[in-house]
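Let me give you the structure first, and then I'll get to my questions.
Labels for the chains are A, B and C, by order of writing; each one numbers its residues from 1.
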Amino acid sequence: MTRGTRGRRAGLAAGATLALTLTACGGSVGGDTGGGNGGGAADPLSIGLMAPITGPVASEGEAMKMGFDLALKEINADGGVLGQDIEVDFLDDKADPAIAAQSANRLITENQVDYLFGTITGDTSLAVGKVATEAEVPFSTAEMGTAGICTPYVWAFGETDPMILTELVPHMLETKGTRVALVGSDYSFPRGFNGLARELIEGAGGEVVAEEYAPLGTADWQPVIGKLSSAAPDWTLSAVVGGDAVSFVRQADEFGLLATSDITGISLIQDYYPAMGGVTDGRELVTRYSDALPGEANEKFVAAFREAYDWDAPIPGVAANAYEGLKFIAAAVEAAGTTETAAVMDALSTTTTDGIFGETSFTENHRFQTDMQLVRVEAGGKYVPVENLGVVEDPTECR
Amino acid sequence: MLEITGWTAGYKDTRVVDGVDLTLPGGQMVAVLGRNGVGKTTLLKSVFGLCPTFSGSLRLDGTPLEVGRPEKMARAGLSFMPDDRGVFRTLTVEQNLRLARRRGYTPPVDPLDLFPLLTERADQAAGTLSGGQKQQVGIARAILAGERLIAIDEFSQGLQPSLAQAALEALRQLAATGVTVLLVEQSPDLPLRYCDRIVGMLRGRVVFDHPVDGLDPASGALTDLLVVS
Amino acid sequence: MEAVVSFALAVLTLFGFYALLALGMGLIFGQLGVVNVAFGDFVMAGAFVMYGLEAVPFVPRVLIALVLGGALAWAIEKLLLRPLYVQGFLATLLAMWGVGIVLRQTADAVFGSTPASVASPVTGSISVLGVQYPTYRLVATTVSLVVVVAILFVVYRTDFGMRLRATIDNREMASLLGIPPRPMIMATFVFGTVLAVLAGALQAPMLGLTPHLGVAFLAPAFFAVLVGRPGSLAGPLFGAFVVALLSNSLRGLFSETTATLLFYAALIVLIAIRPQGLDWKRPQWTTALLARRPA
């Protein structure tokens, strides 16, 4: 999840990286729709999509691509943009910044795309953001967090740390207690996430009683759980991600930590639910997306997604972000009336949509704003919205 | 009787053994003499399948033996102690000997009578023995496993003379029961006293093959084998 | 007191797991001279079989995993490793690297990379000298330790074990005493691999499964083998104990990341000052023993 650097894990799995280089050759052309070019006046909108569909964050990459592809299908079935089908060139960035930068270059120079979309890990987003800015091509990510780079060309669709934490922390302090344990995978995103949480907790009179990080790929969480348990927290905020999230939460349950204290955070997101074995049922978290959000747009999206991908599990937020993101870009290009960059960027800053999340728009500092939800996890993987928190501002400067 | 025919062996493109024909009748005790590097060790190793054979065939009492399969040689009752003695360092002396025993075969000479040390050190790891003691383990194993033929490279290496002589006496007794004995030696002294036949090698070939009876120890042919020319 | 008991239990649990890995890896290294860098991926494969066949009851499922792992190992030894032995350990290391990649990619293709998990056959916890400890952990640890003891019994107290040790000690001499080298090599590789699969199957209920899961287990197993004396089969067990103790001690005292760093630093120092643990004697691979008659 998170866009932070899963680069670390990629480093741990050096073998994996070589593997990918050796076996998964070249870029496939996944999303090419090939539809009939109606021969309209304007050029078709051409998007370069990059997702790590192999490697350590492949599940997030695939989820993102699924959401994107679904939106693409719907838009093109509906007449496309500017009267023509959107054209997509897809490359697997393998969660490797060098490959991502290379892919971005190739998409811009060879495929002459108008827009870049995708990447999961923070380091790849940063790499592509730099290339895009240099080439003056707009670039959007869909994963949680910021894009790691702040330029006029970067438009991130993911929810940022303050959007998640600003309402979550006071809610938890009030309902669960003031003693908080922070835990996370050891790289920039969880540390940043928990750092902000600490500020908010201490600012609101709470107390951080433990803070622990473990490298990506940690399988045995017993020592960490021991330290957390002995600090006797009222609740734990977990920014442990990936397979480690499952190991951590299940082992925390095994050792009884979850019987004596509550848990929330990134580890609870939809992506990991199927592997949790129900131990997160009844817990609460703040997210932007839940497949149980009310509204016709979401119901339609959920039905289409489940149908298209034979998907029973909770729908991941990154898929929803990518889906809504492409819809948003299409609306902006339609409004601009051209695929020319300056006009598209102007349109991005003024466009609003009413989609699966509700009302959406970009702020001046390129934050994608929409309602945030307090969600309760219920048996069978229902992420039930219990309170619409409204728009949660991210006042931070672009970073 | 073991017949070695047209035997050529070596490493990569080097022929170390070059066209050797050798017939070793049952009950005969044969010594192979020759200077270092003439191919004695390679001959034995290749016959027993431990190094590549380029061409050649093996027959035991007329039945062909598969070349290059040490375990099949062992099953046919042919034993071989290589020049490094091949002692299992991590196993005890007793285990070393146990691995060499053949089901249904008790040699007429008990190697434990021959080498009392092997009983005293039965539970000691063989790797901790001295060179001469390892030699005793190696020879004892060769006797236990050699129902048909016993081949011993560098027979007297590290053995005190009294033990070497006792071992040769024992091998003579075994030969008397029909076992073929093949020894590789550096010096002709012991072979001349105990063996039936002396085979000399030079540059990978057999250049000398003579019964000990009637052989003049001072004959030029014999000394030529051993003197560096 | 409670702290001591929980610490001991944590060490014991980790030891049970690492002992299986180290024993398997040590056997394969000792017998084949193969540095099996795919070892962690066999752990992953074992865990994923447990996930893939969730409909089958737990115990038979473990047995199926072992059989499948054994069959896979058989094929790998016969088709991939056998022609490579004579080319030295780098060739086999790279071959096993390739096997690891294939295993990861296969798991990725079949199961996807979304974390998966396996339901624990035993839930709840029981009190051990006043410390509540998850029951399944105790069960898994007990099974691991029983398997380890059984292996030690077979290796040190049976005729087969003696023959196995003889081939590891000196394959040529063992063959001269009628122990065929190929079946012993095959048996060792299959058995060593099955131990990794067993470790993975037993650990599966405690883990979030991803195709990259195995990477985390390769290094501890490798170090356990290095700390002990490869070739001696009890060596890796000693190594596994050192690794489990060191890992738990450091992780109790420091943050995870610091502990991981210190852990590897300490192991490197340990290996450096105890070079007799590092016996890189390669088994003899003569062409005559492994290839048929040369052309």
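Please note the rule applied: a residue touches a chain if its C-beta (ideal position, glycine included) is under 8 Å from a C-beta of that chain, and two chains touch if they have at least 3 such contacts.
From a predicted model like this one, the values you see are computed outputs, not experimental measurements.
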{"item": "Steps needed, at fewest, to go from chain A to chain C via touching chains", "value": "1"}
{"item": "Core chain by centroid distance, with centroids computed from Cα atoms only", "value": "C"}
{"item": "Maximum centroid distance from chain A, chain identifier (CA atoms)", "value": "B"}
{"item": "Cα-centroid distance, chain A relative to chain C, in whole angstrom", "value": "37"}
{"item": "Approximate Å spacing (C-alpha centroids) for the pair chain A, chain B", "value": "75"}
{"item": "For chain B paired with chain C, centre-to-centre distance based on mean C-alpha positions, whole Å", "value": "41"}
{"item": "Complex interface listing, chain C residues touching chain B", "value": "162-163, 165-166, 168-170, 172-181, 231-232, 286-289, 292-294"}
{"item": "In the complex with chain C, residue positions of chain A that touch it", "value": "9, 12-13, 15-16, 18-19, 22-24, 54, 56-59, 62, 186, 212-215, 217-220, 222-224, 226-227, 242-248, 250-251, 254-256, 271-272, 274-277, 313"}
{"item": "Sites on chain C touched by chain A in the complex", "value": "6, 10, 13-14, 37, 97, 100-101, 104-105, 108, 112-117, 119-120, 125, 132, 134, 136-137, 203, 205-210, 212-213, 215-217, 247-248, 251-252, 255-257, 259-260"}
{"item": "Chain B residues within the chain C interface of the complex", "value": "46, 48-54, 67-68, 70-71, 73-75, 79-80, 82, 86-91, 95, 98-100, 141, 145"}
